[in-house]
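Here subunit A shows up in two complexes: once beside subunit B, once beside subunit C.
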Partner chain A sequence: MKLVEGRVRIPSGCAISGIISRDRRKFTGERIVESMKVMRERSNGLGGGFAAYGIYPKYKDSYALHIFYNDSNAKRECEAFLNEHFEIDEASELPTRKIPEITDEPLIWRYFALPRPSRLAASQLDEREYTARCVFAINARIDGAYVFSSGKNMGVFKAVGYPEDVGRFYMLDEYEGYMFIGHGRYPTNTPGWWGGAHPFSLLDFAVVHNGEISSYDANRRFIEMFGYRCALMTDTEVITYILDYLIRHVGLTLEESASVIAAPFWSSIAKKPPEERERLTYLRTMFPSLLVTGPFSIIFCFEGGMMALNDRLKLRSMVTAEKGDMVYVASEECAIRAVEPDAENLRYPSGGEPVIVTLNGGKDNA
Partner chain B sequence: MVINAYGLDFKELNAKIRAVGSDCVVEGCIGQRYIGEGLDGVTLKLYGTPGNTLGGYLNGATIEVFGNAQDEVGDTMNAGRIIVHGNIGDAAGYAMRGGVICVRGNAGYRTGIHMKEYKDKRPVIIIGGYTGSFLGEYQAGGVIIVLGLGGPSPYTGNIVGEFPCTGMHGGKLFLRGRAEGVDFPAQVNVRLAGEEDRAELAGHLEIFAYSFGYPLGWLLDSDYTVVTPNTKRPYKQLYVQN
Partner chain C sequence: MPNYILPDFEVERRDDRCIRCRVCERQCANEVHSYDEENDVMLADELKCVGCHRCVALCPTRALKIVKYSGTFRENANWSNQSILEIYKQAESGGVLLSSMGTPNPYPVYFDKILINASQVTNPSIDPLREPMETRVFLGKRPQNIERDETGKLNNNLPPQLELSVPIMFSAMSYGSISYNAHESLARAATELGIYYNTGEGGLHEDFYKYGPNTIVQVASGRFGVHKGYLDVAAAIEIKMGQGAKPGIGGHLPGEKITEDVSRARMIPVGTDAISPAPHHDIYSIEDLRQLVYSLKEATEYKKPVIVKVAAVHNIAAIASGIARSGADIIAIDGFRGGTGAAPTRIRDNVGIPIELALASVDKRLRDEGIRGNVSLVVAGSIRNSADVVKAIALGADACYIGTAALIALGCHLCRTCHLGKCNWGIATQRPDLVKRLNPEIGYKRLVNLVTAWQHEIKELLGGMGINSIEALRGNRLMLRGVGLNEKELEILGIKHAGE
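Showing the complex of A and B:
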């Protein structure tokens, strides 16, 4: 039997990097690829990927759907669904460069789409929830079709391979954006598959993750009560949905969400000042099933910025630095020095301490 | 001999260092792992950002880093010296059993985790700044010294992070100052350094004073707190009924 993500779990390291211009100045995807390249030893060639923000200014108001198809039947079925639910401005193959390092690619298509007004009105949902539900419907029901990117003016690019090869394959040097994140995969629980590469993304949210969470099933059982479908058995997918739930549905701030998933120990909470103690106690009590245990370091991106977070025990490494309006986050300092030798304000965030970077003049929250 | 590390992967770089076979300067380090692994008898001076597991299994060589080092500095090292003029990442001196790691700046989480000693092998880690949490986790031997010369950690207000000495069952920890506000586990003894402790400390600090230009007398002109494991079977009945 062919090893397929979602059906096999193999008992499980990774590299992450993020670059953002707080002034929304654009730069090409080459930088994030260069940053990932020096952390090659953290990956094993079974997955690499990137998320890029601000890359589709021409279609900035449309959802950019990036979809993998196993075959033309899946594509036909999926496009029928898309045409029923969306008005599609443009449909094309996602541009790729054929290179020997990346093989066995599925069909990779991109659609710029907006919900059909009549369907949207009939659904009584807001536009984002409508789109998210359509993404879940495709991923759960259409065999051989997988939507791996569904945000506006942003896109995810991922594949089986080393990150620098994946970057070349998707021609990231030709995209200009104000924020990029990258991931090099060392899959441990599942066989590497294109859909299982990081980032995981829903709407404009994207997550890259290094780690191995031990609370996967507890988290999954809780989050599936709210309509999320964890199709891939990978812990990063569940982290993406937890953050989407806490931020988009419950309305928590990024900091509050961080205090839920990387909640401090009760012994640490007991030592906090009264107001802080009350806040942390409330969050731990309200969302006990969303505590994420085991090692992780993540970068969570949204249209207006990013949040970097380690597990509370800090079982994975993370470094942050700045230079002018640029902020860098990476698993290793070398990944920052590779693209900004003069980076300043180098910091090593503590376990459970969110580092939140938002665009100048933008919203403070996701 | 000067080696330019730029564009070399860790295997190529280590092969070049070994081929030189004598003291050398390595410029342009950018994340190459395992630099100087198992090396004996030479001195390496490194510029740039060396990668993880710098000096792993080091067996007598001296490595001096004019910048920051990353995670797992001196992993399982047996003998030699690693001197870092900047900061270091997490898990420095992991399972180290000999030699000295001497750092001018701060250290990350789990410094000295599983450090041990055997007969004449007694490893030493000296951190000039502050450390992250879980300092000396499961320490079984050797000496860890934290000086906090740049002031306390902004995260905890102390020169060590949370949960220092968790699982400690051997060795010794020195903290410059009185360690007020630091919560130690019940399984360790905490006291002010006495004459004998201070004499031992003076011996350990020589390399730090020399490497970074501090007067030894000034370093010693302070109270020091000493932490050792409680020798009365501190973990009795923690895991099994015995």
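Showing the complex of A and C:
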């Protein structure tokens, strides 16, 4: 039996990087690949990936579904499901470049789709929830099919390999976007499956993560009460679902969500001014099972920006910097310097302190 | 009628050490020891010995040893000495056999077949001496939605919560079943520790109202001692539907324990038996429970969480699910190994299920139904040490109740004869000469020490797992592995086998 995500839990060390233009100026994916390249030491060739925002302006109102298929049977079954639930504007293979470093690729397809209005109305769900549930249904029920990207005007690109090779394979240099994140993986086991690479994404949310959380099963068993299925058994997956739940379902702000998952210690809360103390106590008491412990640094992206966050003890490295309207976040300073030698305002955010970057003129929250 | 009973113990007295000080004689409420002045010799009536070790502990020359009685009936793998003796007792008395404390029978203890994880390499363990390590928990209901005011500020819409510095509370033990000094020790310890103790169904002595903020008051089927002031003074109210040691039956405190003080606390005449019926006679179904929960909430203006305590029985998952939908803020589940001041032996030793299995299946059921967040789960029924606490929380509990462990800290030697009312350690007795043997000043410190020690150990275990808040352990079953358990047991516990 191959040890793949979903059958075993595979802890990983990792490299992460994120670049955003607050003015929504577009740049190519080459920069994020360059940034990841210098952190090669932090991955071991068993997983790399990227998320890119603003890359599909032509189809910006459609959900861009990126899907891995093990074989044509899985594709047939999945397409039948998609046709039943969505109106598909365009279906094509995701463009890739054959390179010797990346092998054994599955079938990789891309669909631009919108929910069928009659189905959507009958479901009594909003469009995003409807789409999310379809994604869960495919991933849980259709053997050999895996939706790894499902947002609008954004896309996830991931594979088994070093990040810079994965970037070349997916031709990231040909995509233009206003925000990119990258991930290089160092799993302590041998995953053989592309779906297990990161980022992990749901709708327009994408997460890259470096760490191994000790609260995993407490978080997983709690979040699964709300319809999520943690099929991959990875930290990134459960963190994505927690943020999706807190932001999209509960209606917390990014900052409030950060105070739940990387909650300040009670001893720190006691020293805050009364109003802040009450707010933090409320959030910890309300959502105790969504506290995430153990080392992590994450970059969480949504259509309107990103949030970088460290665990409450800062057990993983993470640096932020700025230059003009650009903001950079990475596991190491070198990953920022590689693409912006003149980066300014270099900071090492404290444990549990969220760094939230939103687009100028956009909403403040996910 | 002839008496065929054998003693349980033999008293071994080293004559070369005995100085005839007669401490043993004065200390033994069971009147085992006596002095024969004429021959200057100490005598012992072993049939009366319950093995409480009071004489052993107080003998100034260590002359005494209590050992298991070595005499035996003809060996028989089917008919144990115990089985035979019980028949003799019943043939003499025609009565139900009574026992105290949890069952001593060798049923599986699942806690002992579960092992805890620790971090190596891929994530760091955390040193509780260097980093904050949090054991604080809140018990109570969590609403489904947040609320904001017009400025977007979060409203505190949480129902009343119990805040615990460490997820351990003292289980329900009534004033009557245990002594005034035992109660005072528990109340003071709970206050100092920032946890709670529980009155049991015995009312609340007026001297202890001052410990109200750390008191859980019980409303049980006899409704003894329940009045407005009693409810108002407490931090939380517990409806006792059942007890792990005696599921399905009520309670009986014999008249000799109903002293002046006990009678006032219970609001019944001195010397009358206090009989709690098996069911609550206003609760014959789940909707009736809901009415009692809300009656108590109405009476206390929705300012206090309501706990519903049930015994772990076969259908516990469905029962707990029903309770979770009946307005209860907290569900307490008492496993069949739990203690008691008196229970029919047959019930105690044969009815109910182990707390580990009950907890695992309740936690799973509430999650499957999406309502685990609506209630907190407190488990009881033989939590013996800090590792049991950690395992229970990883299986899904919010906190644990300890009863027997607390009494042992006070000096209980588990002789299991509480029902006789002659506790030589001043715990399970109302006899003033015995009660005064338990000094609450020392007793409360021993309880504080015990819980503090467990808290230290919990922090060490958490740190080893790389967890720095006990909240991240709750239901974290990946931190557990079974050893020597079969597939079905692992499935119910929701854990993997060691090596997996």
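Observations on the model:
The rule is simple: the second predicted complex is superposed on the first by the 359 of 366 C-alpha atoms of A that agree within 3 Å, B and C clash if a C-alpha of one lies under 4 Å from a C-alpha of the other, contacts with A are read in each partner's own complex, and residues count from 1 in each chain.
By definition in this document, contacts are C-beta pairs under 8 Å (C-beta built on N, C-alpha and C of every residue); 3 or more make two chains touch, one makes a residue touch a chain.
Quick caveat, the model's predicted, so the values are computed rather than measured.
Annotation for subunit A, partner touching more residues between subunit B and subunit C: C. Contacts of A:T285 after superposition on the shared chain: subunit C is touched, whereas subunit B is not. When the two structures are aligned on the shared chain, A:S317 is found in touch with subunit B, with no touch to subunit C. Of the two partner chains placed around the shared chain by superposition, subunit B is the only one that A:V38 touches, whereas subunit C remains out of contact. Of the two partner chains, neither subunit B nor subunit C is touched by A:G54. Of the two partner chains placed by the overlay, only subunit C lies in contact with A:P295; subunit B stays clear of it. Once the two complexes are laid over each other on the shared chain, residue contacts for A:E353 go to subunit B alone; subunit C is not touched.
Of the two partner chains placed by the overlay, neither subunit B nor subunit C lies in contact with A:G195. In the superposition on chain A, contact of A:S215 is made with subunit C only, not with subunit B. Shared-chain residue A:G251: touches subunit C; no touch with subunit B. Subunit A residues 313 lie at the interface with subunit B in one structure and with subunit C in the other. For subunit C in complex with subunit A, the touching residues are 119, 121-124, 126, 131-132, 134, 136-138, 142-143, 145-146, 153-154, 156, 158, 161, 367, 370-373, 465-469, 471-479. The touching residues of subunit A, counted against subunit C in their complex, run 9, 11-13, 188, 211-219, 221-222, 224-226, 250-252, 256, 263, 265-267, 278-279, 282-289, 291-295, 312-313, 315. Subunit B contributes residues 9-10, 29-31, 33, 48-49, 51-52, 68, 70-71, 87, 89-90, 106, 108-109, 132-134, 155, 161-162 to its touches with subunit A in the complex. On the subunit A side of its complex with subunit B, the touching residues are 38-41, 268, 313-314, 317, 319, 332-335, 337-338, 346, 348, 350-351, 353.
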